[in-house]
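Both of the next two complexes hold chain A, though its partner changes from chain B to chain C.
And now, the complex of A and B:
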């Protein structure tokens, strides 16, 4: 019987799933994920976490709870830093500890620290540590890591080409080769776990698509562009996700094909309180780009979101007509 | 150039000493008040933490007094404090304030970045003088901390309520007014005398450790004077972070021996929080464990609303409390905090501690 490893469908799942999945599967484990977020998942999460935690963390608790009984291992790496001189967010640093102390009846936990703060290069060492839980053969681990890396690179290029992660997980063929898109393009800027989890954001992406909007997100912007825009800041931003959001948003404000920006943040999000302000300030100084700031928590109501999106889209259309696009 | 800086408890005494010693003209912002906070909150991002809002308010008020340059500490994350200065500066720009910003922080590329910023402030003073100035500031921070520790011990034992606080204000004034390093020792002796002259009586007191985020621990306006309130309720207080200890840990890399240091707390936090989480999250846990080992009766965690590292600590504290039987109370502050609510909670908490102690005595 292969070992079953559970990966919660939350937090950085939307960024690294292909990497983790391929790695563990190559080592002979069976990888399973929790289902999409539902009300029940959220309810469980709310019971387990403190009130002050942000919505995505509460949801993540719910996903751990959903996996708990049907797996041998739960994979919740301690994501300290994924690139030099940058962090993720303090809550990611402490997430494995919070889970250990707050969730009862856990199976074994794989919570290898991934900390690239002080060094460049790849994460092989951390992956060997993760792999050691289920496989003792270093050759096999090396091979699995290589395979996982190349799988991840393919996933990244699909996302960079404009696919959204959920689609890129399944669609391995590559970029849909349709002609030029005549729909108005709106940028959605936010943490991956907020914009790709359709329960958290109450179907934002689908609603926009149904309204005939072409969507780009910060993850669709190539790293090179993100860096060149983030480099204009007075001080390097030390949050990897925040840097990507700010760099991409600054790029969007300069890009005439972008007809509006939606900034998605969770209630009381620490990094977003800073980066959101920087983005909003930039857009306001520019003065002529429709901007919507959506703040989400477990009390967010569908009707409110729909009204605000409609108003925003009206603004996008009016603005488009005025400038003759 | 008129230099200002944000308030954090008695930090102004040390910074002012250092800058004035170096001949820099300073503007100490008016003490933080409700007005400071509402000014700051009005123009800050909604979910920024309370220290951010108070900083911004301080700068706005200092500007009215003629300040034109801000010096501020920085950092490299993951706590958002590291980006305070930049965002605050942008806000001030948009509001039409004309501030020059100098951030003292670990350099991104080369140490010369930091040195040139120090030079910008200190002008053509020699490095030797600069170091003496810094030492003077540090000596003051230790003097201030000594007085505060005395006050925390005296408050629950004073004969007439409020006597300690009057004496402390007077003693701190002596320290603050000392202009030369060579006079500091004398002021210290005098201020210690003032504190010792407070009439006390021996009483049985409860002991509570305060842990949490540094700004809310050190700034009485932010924590609604919790040390005084607890003192009046007959509680001896200790806190996990003192200014001099923080300076020693972060600026001098722990060079000065004999001070309690954050590495002690980091070791203590091991079973509950195995990794640093930015800010003082790990120290909060470690502090709680430390106070438990030291025989304290209770622990209070203080944090500003939305503080990320402290939320991690807060999630883990209940299991510490369950394992050890140590009562833990969490106090979250922001611009909506009310004093009456805090008083009620503190009274209830102190009642609980007193009952705990009596029960333990009966069992013994």
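And now, the complex of A and C:
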């Protein structure tokens, strides 16, 4: 019987799932995930979580709870830094501890620290520690690490070619040539766990698609472009996700095919309140590109979101007509 | 007589307007929703038939407001539009050249920035209702002052009292304190207006480029004290359009007029809708852990519309043709 490792479908799942999954599978484990967020997942999360956490963290508690009984290990890495000289939100760093304190009846937890603050090369050692939980053979761990990295690189290139993560998890063949897209393109900029979790964002992506909108996100923008735009700032942004969001959004303001930008923020998220403002200022300085700042928390009603999205799309269409597109 | 109807079913008020073929407002009705949107709308339709000459032909109907979908189904609307676009359309046609719309309604407030007649930016209040009409309503009731006299009384103030307007609850305690200290009523009322304006500009209007021509609409525009407070804070003349309280409905009727100008027949179900027995109910779907609360509208016992489900299982089951019959 292989050991079963559960990965919660929350937080940086949408960014690193192929890396983690391949690594553990190569070591002979069976990898399972929690389902998509539902009201029941959120309710569980609200019950377990500390009050002052943001909605994505509360939801993450619900996902841990959903996996608790059906796995041998829950994988909750202690994400400190995924890029040199940058950090991930401190709530992620403390997440394994919060889970241990607040959730009863947990299976074993794999909470290896991922910290590449000093150099990216440290990642291998950390993965070795991670693998040691289920495999004692260093050669096998090295091979699994290599395989996971190359799987991750392929996933990244599919996303950079325009796929959204959920699609890129399944569709491993790359982009089908679907010809030029005549739909207006809107950029959605936000943390991956906000924009790809359709429960948290009240179906934002589907709503836009059903309104005939083509969507691009910050994750579709290659790292090189993100960095060149983020590099125009006076001071380096040391939040990895914030840097990606600002860099990608600045790039979108320069791209004439982008007809509007939606910034998705978590209520009470410090970095989001800053990136939202930075992006809005940039948009205003450059002219009249439609911009919408959507703030989400567990009290967000569908009505408010629908009204804002509808009004935003009216704005996009009116701008299109006025400029003869 | 040929004309168009605009319906705005809001949280606090339900408004109907009738415009003629030239887009001039001929009749308008302002009713309290009193938590029963269907009853309010039916009463509105009833009152409208009494106001209009017997041979009036309704060519098109537009619905807006938070109850727009409900109104759209019951009256048979040709256009169902969000409040932001409706208010923007009304303001830009009634006051050509408008660049800023300040709108304060019963439970929400919004700001719309227009450039060359096109919406360039907007914002709505979030969960906080401190800067809206229902707060003024409540305070007027507490002070035993009819809301209609609130504005005129506040204009008698010579030096408005500073009241903390950040939060409705704190504003109330602050007001009570000021009143017990012996401050004059007009000064307290004027102070309250200023606090509301401050709250509005800091929350809804934060970072927006407010420039003239400024239009102030929504039910709260009836309050002259608020107009004066806005003018003092912005140092710009603030215009209150003639039908300020029903501008959402005016915009909806104009959008309906534009819509049928393309030669589409109206879906209006006639004023008879006032006599049918409409009932709204809801149930919790147990098909998945999302536990959506599905709303069901029945006309004379048979279901004519459903919404509120995330997956579309209930809403799409409704045959479109059956709805329009």
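Please note the rule applied: the second predicted complex is superposed on the first by the 323 of 325 C-alpha atoms of A that agree within 3 Å, B and C clash if a C-alpha of one lies under 4 Å from a C-alpha of the other, contacts with A are read in each partner's own complex, and residues count from 1 in each chain.
Here is the rule we use: a contact is a pair of C-beta atoms (placed from the backbone, for glycine too) under 8 Å apart; a residue touches a chain by one contact, two chains touch by 3 or more.
Nothing here was measured: the structure is a model prediction, and the numbers come from that model.
Student: Following superposition onto chain A, is the placement of chain B relative to chain C best described as a clash or a fit?
Tutor: The answer is fit.
Student: In the overlay, answer first, second, both or neither for which of chain B and chain C A:90 touches.
Tutor: It touches chain B, and chain C stays clear.
Student: Which partner chains sit in contact with A:140 here, chain B, chain C, both or neither? Use first/second/both/neither.
Tutor: neither
Student: What is the contact status of A:102 with respect to chain B (first) and chain C (second): first, second, both, or neither?
Tutor: Touch status of A:102: first partner only.
Student: For A:277, select first, second, both or neither according to whether it touches chain B, chain C, the two together, or no partner.
Tutor: Touch partners of A:277: chain B and chain C.
Student: Report for A:149: first if it touches chain B alone, second if chain C alone, otherwise both or neither.
Tutor: neither
Student: Does chain C touch more residues of chain A than chain B does, or is it the other way round?
Tutor: B
Student: In the superposed arrangement, does A:311 touch chain B (first), chain C (second), both or neither?
Tutor: After superposition on chain A, A:311 lies in contact with chain C alone.
Student: Write the angle, vertex at the C-alpha centre of chain A, between the C-alpha centres of chain B and chain C, to the nearest 10 degrees.
Tutor: Once the structures are overlaid on A, chain A sees chain B and chain C at 80 degrees.
Student: Once the two complexes are aligned on their shared chain, state how close chain B comes to chain C by Cα atoms, in whole Å.
Tutor: Nearest C-alpha pair, chain B versus chain C: 5 Å apart.
Student: Please write out, lowest number first, the residues of chain A touched by both chain B and chain C across the two complexes.
Tutor: Residues 277, 281, which sit in both footprints.
Student: Could you list, by residue number, the parts of chain B that touch chain A in their complex?
Tutor: Listed in rising order, the residues are 45-49, 74, 76-80, 82-83, 86-87, 90-91, 94, 103, 108, 272-279, 281, 305-309, 311-316, 318-319, 332.
Student: Going by the contact rule at the top, pick out the chain A residues touching chain B in the complex.
Tutor: Going by the criterion above, the answer is residues 49-50, 52-53, 78, 80, 85-91, 93-94, 97-98, 101-102, 113, 233-239, 265, 267-274, 276-278, 281, 285.
Student: For the complex, give me every residue of chain C touching chain A.
Tutor: Listed in rising order, the residues of chain C that touch chain A are 66, 81-85, 115-116, 118-124, 126-127, 207, 209, 288-292, 308, 310.
Student: Which part of chain A faces chain C closely enough to touch in the complex?
Tutor: Per the stated touch rule, the residues are 38-41, 199, 203, 277, 280-281, 284, 288, 290-291, 293, 295, 299, 302-304, 306-308, 310-311, 314-315, 318-319, 322.
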